[in-house]
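See structure below.
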Amino acid sequence: MKRTLQRKISGLKAGRVSERDFLAFLGNFPFSNETEIKLDFHRQLRRGIPEVVFGQGKSVEQLRRIVSKFMEMGEDLLITRIDRERFAALKKEFPGLRYHEAARIITCDRGPRARNKGKILVLSGGASDEKVAEEAYVSSLYLGNRTDREYDVGVACLARILSLQKKLNHYAVIIAVAGMEGALPSVVAGLTSTPVIAVPTSVGYGANFGGVSALLSMLNSCAGGISVVNIDNGFGAAFQATLINRKRS
Amino acid sequence: MKRTLQRKISGLKAGRVSERDFLAFLGNFPFSNETEIKLDFHRQLRRGIPEVVFGQGKSVEQLRRIVSKFMEMGEDLLITRIDRERFAALKKEFPGLRYHEAARIITCDRGPRARNKGKILVLSGGASDEKVAEEAYVSSLYLGNRTDREYDVGVACLARILSLQKKLNHYAVIIAVAGMEGALPSVVAGLTSTPVIAVPTSVGYGANFGGVSALLSMLNSCAGGISVVNIDNGFGAAFQATLINRKRS
Amino acid sequence: MKRTLQRKISGLKAGRVSERDFLAFLGNFPFSNETEIKLDFHRQLRRGIPEVVFGQGKSVEQLRRIVSKFMEMGEDLLITRIDRERFAALKKEFPGLRYHEAARIITCDRGPRARNKGKILVLSGGASDEKVAEEAYVSSLYLGNRTDREYDVGVACLARILSLQKKLNHYAVIIAVAGMEGALPSVVAGLTSTPVIAVPTSVGYGANFGGVSALLSMLNSCAGGISVVNIDNGFGAAFQATLINRKRS
Amino acid sequence: MKRTLQRKISGLKAGRVSERDFLAFLGNFPFSNETEIKLDFHRQLRRGIPEVVFGQGKSVEQLRRIVSKFMEMGEDLLITRIDRERFAALKKEFPGLRYHEAARIITCDRGPRARNKGKILVLSGGASDEKVAEEAYVSSLYLGNRTDREYDVGVACLARILSLQKKLNHYAVIIAVAGMEGALPSVVAGLTSTPVIAVPTSVGYGANFGGVSALLSMLNSCAGGISVVNIDNGFGAAFQATLINRKRS
Amino acid sequence: MKRTLQRKISGLKAGRVSERDFLAFLGNFPFSNETEIKLDFHRQLRRGIPEVVFGQGKSVEQLRRIVSKFMEMGEDLLITRIDRERFAALKKEFPGLRYHEAARIITCDRGPRARNKGKILVLSGGASDEKVAEEAYVSSLYLGNRTDREYDVGVACLARILSLQKKLNHYAVIIAVAGMEGALPSVVAGLTSTPVIAVPTSVGYGANFGGVSALLSMLNSCAGGISVVNIDNGFGAAFQATLINRKRS
Amino acid sequence: MKRTLQRKISGLKAGRVSERDFLAFLGNFPFSNETEIKLDFHRQLRRGIPEVVFGQGKSVEQLRRIVSKFMEMGEDLLITRIDRERFAALKKEFPGLRYHEAARIITCDRGPRARNKGKILVLSGGASDEKVAEEAYVSSLYLGNRTDREYDVGVACLARILSLQKKLNHYAVIIAVAGMEGALPSVVAGLTSTPVIAVPTSVGYGANFGGVSALLSMLNSCAGGISVVNIDNGFGAAFQATLINRKRS
Amino acid sequence: MKRTLQRKISGLKAGRVSERDFLAFLGNFPFSNETEIKLDFHRQLRRGIPEVVFGQGKSVEQLRRIVSKFMEMGEDLLITRIDRERFAALKKEFPGLRYHEAARIITCDRGPRARNKGKILVLSGGASDEKVAEEAYVSSLYLGNRTDREYDVGVACLARILSLQKKLNHYAVIIAVAGMEGALPSVVAGLTSTPVIAVPTSVGYGANFGGVSALLSMLNSCAGGISVVNIDNGFGAAFQATLINRKRS
Amino acid sequence: MKRTLQRKISGLKAGRVSERDFLAFLGNFPFSNETEIKLDFHRQLRRGIPEVVFGQGKSVEQLRRIVSKFMEMGEDLLITRIDRERFAALKKEFPGLRYHEAARIITCDRGPRARNKGKILVLSGGASDEKVAEEAYVSSLYLGNRTDREYDVGVACLARILSLQKKLNHYAVIIAVAGMEGALPSVVAGLTSTPVIAVPTSVGYGANFGGVSALLSMLNSCAGGISVVNIDNGFGAAFQATLINRKRS
């Protein structure tokens, strides 16, 4: 890019490039840099995160094409939001795929993965938050983090979460998954100095609005040290936790 | 009102009031009385709750007329949502009025009040919930309940509420007032077998929507034993708690 | 816990524990008490409510494991939100289960249940509120309350509810279930001094928003003495009513 | 306007106005008139409703120009949503104006108005609905209807509305104004065969959302025979009631 | 009731009834009248509307019981929101039932129906509003009104509705059914002095929110003379139109 | 119309038409013009857009009748929102129909179409926006525009959209289709002086609310030069782009 | 800015500015300039739109700094959302500023502006939409378009908009501004083949939600050829219309 | 507080305080202290964050009491959401306070603060996001982080943010503050592997809903590595960033 610019400047000085053309060229200046574009070409290179495919709404046919391409290139792969039916269809063709049923995730690991330094803890409020918590847990492992999980530690019975208090500070990040009134992250953040990534779940009924009640609770937490990802977005929490954990390393 | 009625009854028994006139009087009983407050007296008979006036949006002039009537009849009175300015204006004319500043309530008690049997506990999450908590507290006292209060026991510091745990079961009803993520009632209900009346407050900012975040949390509580009144409705919680406490007596 | 603390204090006095370690130990002070944790271990012990399982969204396999465990321990059990299909599947294995079709509830009672002192009344506005009302009714019985029910007493025909007026005051709690405009609790509360637990239902169509219209009506009731549980939460109302009724006993 | 038209017609008949000029005049008929009020006169011809100006947000200067025009033409006039300050400013210049304080309406009647055949009844739920109810009441009178009013007949005390039951059927239309839970129209419609126009008011607090709770209640009414106008739209209800009453005549 | 009252009064005068008991009796006064309750027993008697059953969500078994009862009593019957499958099941047992497919309504007329004086016009904006418009149309006929219909007259092509203008004033009521932007009632009301009952439909997609966009348009109409019923509530509009038309007769 | 008017005027002058009748006639003046109505008769004539049918929710039977009519008249036809099943059913009877699977559109072109002068570019953010982008693309072609498409150029990888920057200015209109956070149109509009029609899609999950998040982003864009159509409304964007492109020609 | 750049280029050509310094200057080109307005100049080059400042919420002091900069550089300027008070304060210091009161806009034109080829028409529904319509009108003129305006042509009186029908097709773009039910763009789009940019206004009351009712109407329009900008965004509509009109030139 | 505790410990070791008194003291440890600020000191021990007071809605008198206490104890202090008027009033009494006007923050630092290892970068989209960005920036410094800021780098001009790309990876955390369409965090996260804390601001107008549009954008970001705090919560973002940065140290 710099070279193009220097060429233009030389042309301008030499009279080969008119002032008007030079002005037009500058109008597009900061966007046409080819080097930057190359850096962008592979998100994986730029951000250090292995590839992840959002499986919800994708047909078996679409998934087959995606898996095929990864297999060809010998890349690792994680696909979220996959039900057992679609997995079964893919498994026939790609026997190397592994299904994590509770997490609704397919993974295909090609070898040992470098470990980030810190550990991540996945907490969930109730049994029905398990799918989302498992999505976070399996994703976190896949993204290279040592990861623990403690489920069913919701605020209706404080004893459960209090019994974990001592070890909360040992983690680099805590992912707190909760539906209904979504109070778990507030309580956890009040007990530790570890940053909490809160994941509201769509679990609940009545005036729950698909997880909005938990989402609002988490955004309005009176305890500092909480930031929130989208409803049911277990993978997103694991991704954010991984970036934080990497920084630590 | 009761006195008017008793006069009519005396008149009827003494023959000064004809049966026909008495019937006509009764036909209009709870609504033909010219004062603005007539109707509520009937409620007093029917529901056993002394008179309460919702002061929000009422002018000094309107309040003056109401207080006048009550003074005349020697009735007790509680007015909610009154700022200091309107109280000061009324105080000049009615020196017997008492202002509860934190609760924004005016009361005028004429004598000792029969006490309900159980006790009520008012809890609040944070300093900014105090106005609503005080509205509940002062109202609860006025409605004849022995009432305790413990403020600033929000979930960001569990120690506070845990230190109260032992005594929670001694109350007939707990009123739990909280804004922001509104998690206090859930945590309290998980610690006791006393019924909890939850009061969401409009305290907060951002995606709080004037208390909706706390309201939804409370409605979606994973801990049973919670029912909810409207946002900031401290009086409403005290009223409901009183009815429950009465039943106990 | 106290012993741990005393040991730490002794250590401090004896110089075995440094001032710094002692400060760190105190940082976790009110949360590590083992006695409290034991109290929390069984919600049933703490709150006096037999076990209830929320069946919505649970698979037959999940339910089978739960029922098995309760059977083993000889505990009573109530499962809400169960359709006939899942009940039929469970019945084969556990012939002692009983299905309450209108309430969509499974119960398994092991013996006579201690009765609370007061009585509870379940009211419903229209025929389509019946499922929720039945959930409240069956739950209330299971939780140890003598319970009556009067359905289809909505405000479009006041005569029905007026005909019940005399007996409303005899109950410890009234559960008022209503969908659509949700006006029933307001009207009932205006007729009695018994506390009313209002249950909005998701019955309706158009600008009903899954029960939000009824929920807002109930929260905004101009009649005092109403508190509200979540939309369709018949069990929650019964739970709250039980706690109130217990206090009376 | 009508007079200008009649003058043109007279001129045409008398030969003072050419057919061509008359056609040009008509071509622009309802919109070429320079005054701001031109267009509404055509509405007056088309729909038979005297002129009404929505005063909210209009400056004294804007109102002065409008009143001037009407005065000049000798037309009747009603202006809604006017506070006392703006009225006082206008009164100085136009002493013939009359202010209805409770209704926040200015009227200027030039003579007796033809009466529609039926009568209209305006009901309101509580004292705080009075402004909107008065807007409906004064507008209804101005639009030529014999009109009665009964305020403060809300559902928290059914006795009030029940005492009116017998006469409800005598009206051509009932306008039922209510805030908070908005249950009045449902109860009224259940007691009569007169059509009910429901007006939700923005009265309330907490989860009231500026009248949305009452609006939803009215739209979801389980009693037939209710249709709804916008929140606080007392004039709109009177307008609709007038059209209905006209049809009866 | 009056007799009971007179007996109480006699008792009071004679000393058989204590003053205290008399006061307690009066507390329930306006609600225990047995005559009123009898009037309420049949809504049909009170409001003059033949029976209507809301079929949505009712099982064939529930419907069978309802139809049976009406058949027995020789009453007319209209059931709304019935799909062809449930009709087919009922038809086998009750061959007298008639299905109006486009309206999703079952009727069973036992004889000629008295006709109301005025006529009702049902308009619809687009082809997809037809179901709701037909529900209004068939209901209106069943409720005794001469009824016309003009469909597909939406505002995207004004010519259609303009071509109807002349006859709009001949109707007692116009029911205007529209989805999407819901502008039809505004345009129609601007063209006539007939009252318009607006029915928003849930037709549309995107930011339509199940008919909310049309509902809000209709509530915010700048043309007076419109009142609104709930989304898709064709029957409700017909009911309201019938009450208005009756008043005319 | 003019003739009718002239006849009326003649009648008025001649005394055959009374002044009163003339006034009544004028009341309907601007709406009864028959010429205008004729212009409205065919939207196609008036707006120059070939016929389009919204297929969503239409049964095969309804579609068959529509296609039949168009076939008869030799008209072109485009049907949106058609799944493969309904196409297959129609194809049997009308072999000339062509299905665009990704766009869910059926077309039937009878011959070469006149081309508008400028070109249109359809951009989409992610793979899951493809259906809506294809609806826009196929519709744009059908409506006579030379059209390009560039998919999967979302803001998470700026390189993709930056690489297109140079050619953005060559288009008459850009249609930018995006779900989730809907940031694509903002970024594109910041890079070009071509007007952008933004299409939010309902793609996403969690607090996405069926496309509302993208819709709000687009409406709130800090970059000028964006206007928005309804969620998922690919056809609507193509229609608007066509009108703009026509103007250019 | 352009002048600074031209000076640099001249210097480069003349040898007064070294190539290295020029590169450094360009490296920071669009963002290193110390003034607050620096960045927008680059937009001006890129998008061809003269500078516009959003005045809402800016203090007189902030505005003074901005105007100063523009004055210095001899650039044109338009500031939106300015009340008379802030204008008066600025006018003292900058007598060349001109205030468009109805539009709440300040402009400062330094000379004749090149005209785009087509014309733009601004329509508004009612008198209260005037501010927004004027913002669009004045902005459109400033951005170099011949612009007409026709106000108060709302759908409650179709005659007004019908009288304009013939000329609608002559415009390159129509900006249709409307509040309340927002039906104007639908009706206009149905009458013309000119693209319509719809601007919802926050005018209205009750269930209007600050313009949401109009916004939803416009997004859900059944007439094609409408795209929408944000509520009250008159300038945004003019900006979009200008880009469209430019393409035509 | 810490000093009180140390005094008690010294007393215990020296025998001046009995073990029993010490236990009693500890039993009430974090909550029996009479000052309003007592409780937060415990949080300070537990979470390692210096004290912060949320100033919004607090009176000068309340603030004076709080500052007094902190001064007495020689503790650092940060108060958010303070306007200049309240600061001026406090400054008179406490000359050591420092006001950060753009951030609306008061600080009182007693000495050098330990620095966390990594650096934090605060980005903002536009000039109007500055208040919130400054709240984040000043808070971040106060909480012990080396912090940089780059404002006005919104997506409407990508050049600005692209020019920062190279250095983005050098930060431990990026706080991205944006209003309106809230696209900045998505774009930033796509360019770096540093975790992004997104802060939506309430800046905007029209369908912005006080920041909801930006909040939804950020929650729905298609770029991973973003978590969100509440609207306008600059302090909350700095708090979360500090916890993350600490973990790194």
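First chain written, first letter: the chains are A, B, C, D, E, F, G and H, and each begins at residue 1.
One rule holds in what follows: a contact is a pair of C-beta atoms (placed from the backbone, for glycine too) under 8 Å apart; a residue touches a chain by one contact, two chains touch by 3 or more.
Everything quoted here is computed from the prediction, not taken from an experiment.
Undergrad: Which neighbours does chain D have in common with chain E?
TA: Both chain D and chain E are touched by B, C, F, G, going by the contact rule given at the top.
Undergrad: More contacting C-beta pairs: A-H or B-H?
TA: Of B-H and A-H, it is A-H that has more C-beta pairs in contact.
Undergrad: Would you kindly say which chain has the C-alpha centre located farthest from the C-alpha centre of chain B?
TA: Most remote chain from chain B, centroid-wise, comes out as F.
Undergrad: Taking A-B as the reference interface, which entry in D-E, D-F or C-D shares over half of its contact pairs by residue number?
TA: C-D
Undergrad: Can you check how far apart chain C and chain H are, centre to centre, with Cα atoms defining each centre and the answer in Å?
TA: 40
Undergrad: Cα centroid separation between chain C and chain E, in whole Å?
TA: Distance between chain centres, rounded to whole Å: 37 Å.
Undergrad: Need the CA-centroid distance for the pair chain D / chain H, whole Å please.
TA: Once rounded, the distance between the two centres reads 54 Å.
Undergrad: Pull out every residue in chain F that's touching 2 or more other chains.
TA: Touching at least two other chains: 28-31, 36, 43, 156-158, 162, 190-191, 206-208, 212, 215, 219-220, 230-231.
Undergrad: Strictly by the criterion at the top, what is the full list of touching chain pairs?
TA: A-B, A-C, A-F, A-G, A-H, B-C, B-D, B-E, B-H, C-D, C-E, C-H, D-E, D-F, D-G, E-F, E-G, F-G, F-H, G-H
Undergrad: In the complex formed with chain D, which residues of chain F make contact?
TA: 2, 5-6, 9, 12-13, 19, 22-23, 26-30
Undergrad: Could you pull out which chain C residues touch chain D in their complex?
TA: Counting only chain C, the residues touching chain D are 125-126, 154-158, 162, 180-183, 186-187, 189-191, 204, 206-209, 212-214, 216-223.
Undergrad: Using the touch rule from the top, collect the residues of chain E that touch chain D in their complex.
TA: Interface residues on chain E, with respect to chain D: 29-31, 36, 43, 46-49, 52, 118, 172-173, 190-195, 197, 215, 219-220, 224-231, 235-237, 239-240, 243-244, 246-248.
Undergrad: Would you pull the chain D residues touching chain B in the complex into a rising list?
TA: Residues in contact with chain B: 127-128, 152, 156-157, 159-160, 163, 205-208.
Undergrad: Considering the complex alone, what residue numbers of chain B touch chain D?
TA: Residue list for chain B touching chain D: 28-31, 36, 39, 42-43, 56-57, 200, 202, 211-212, 215, 230-233.
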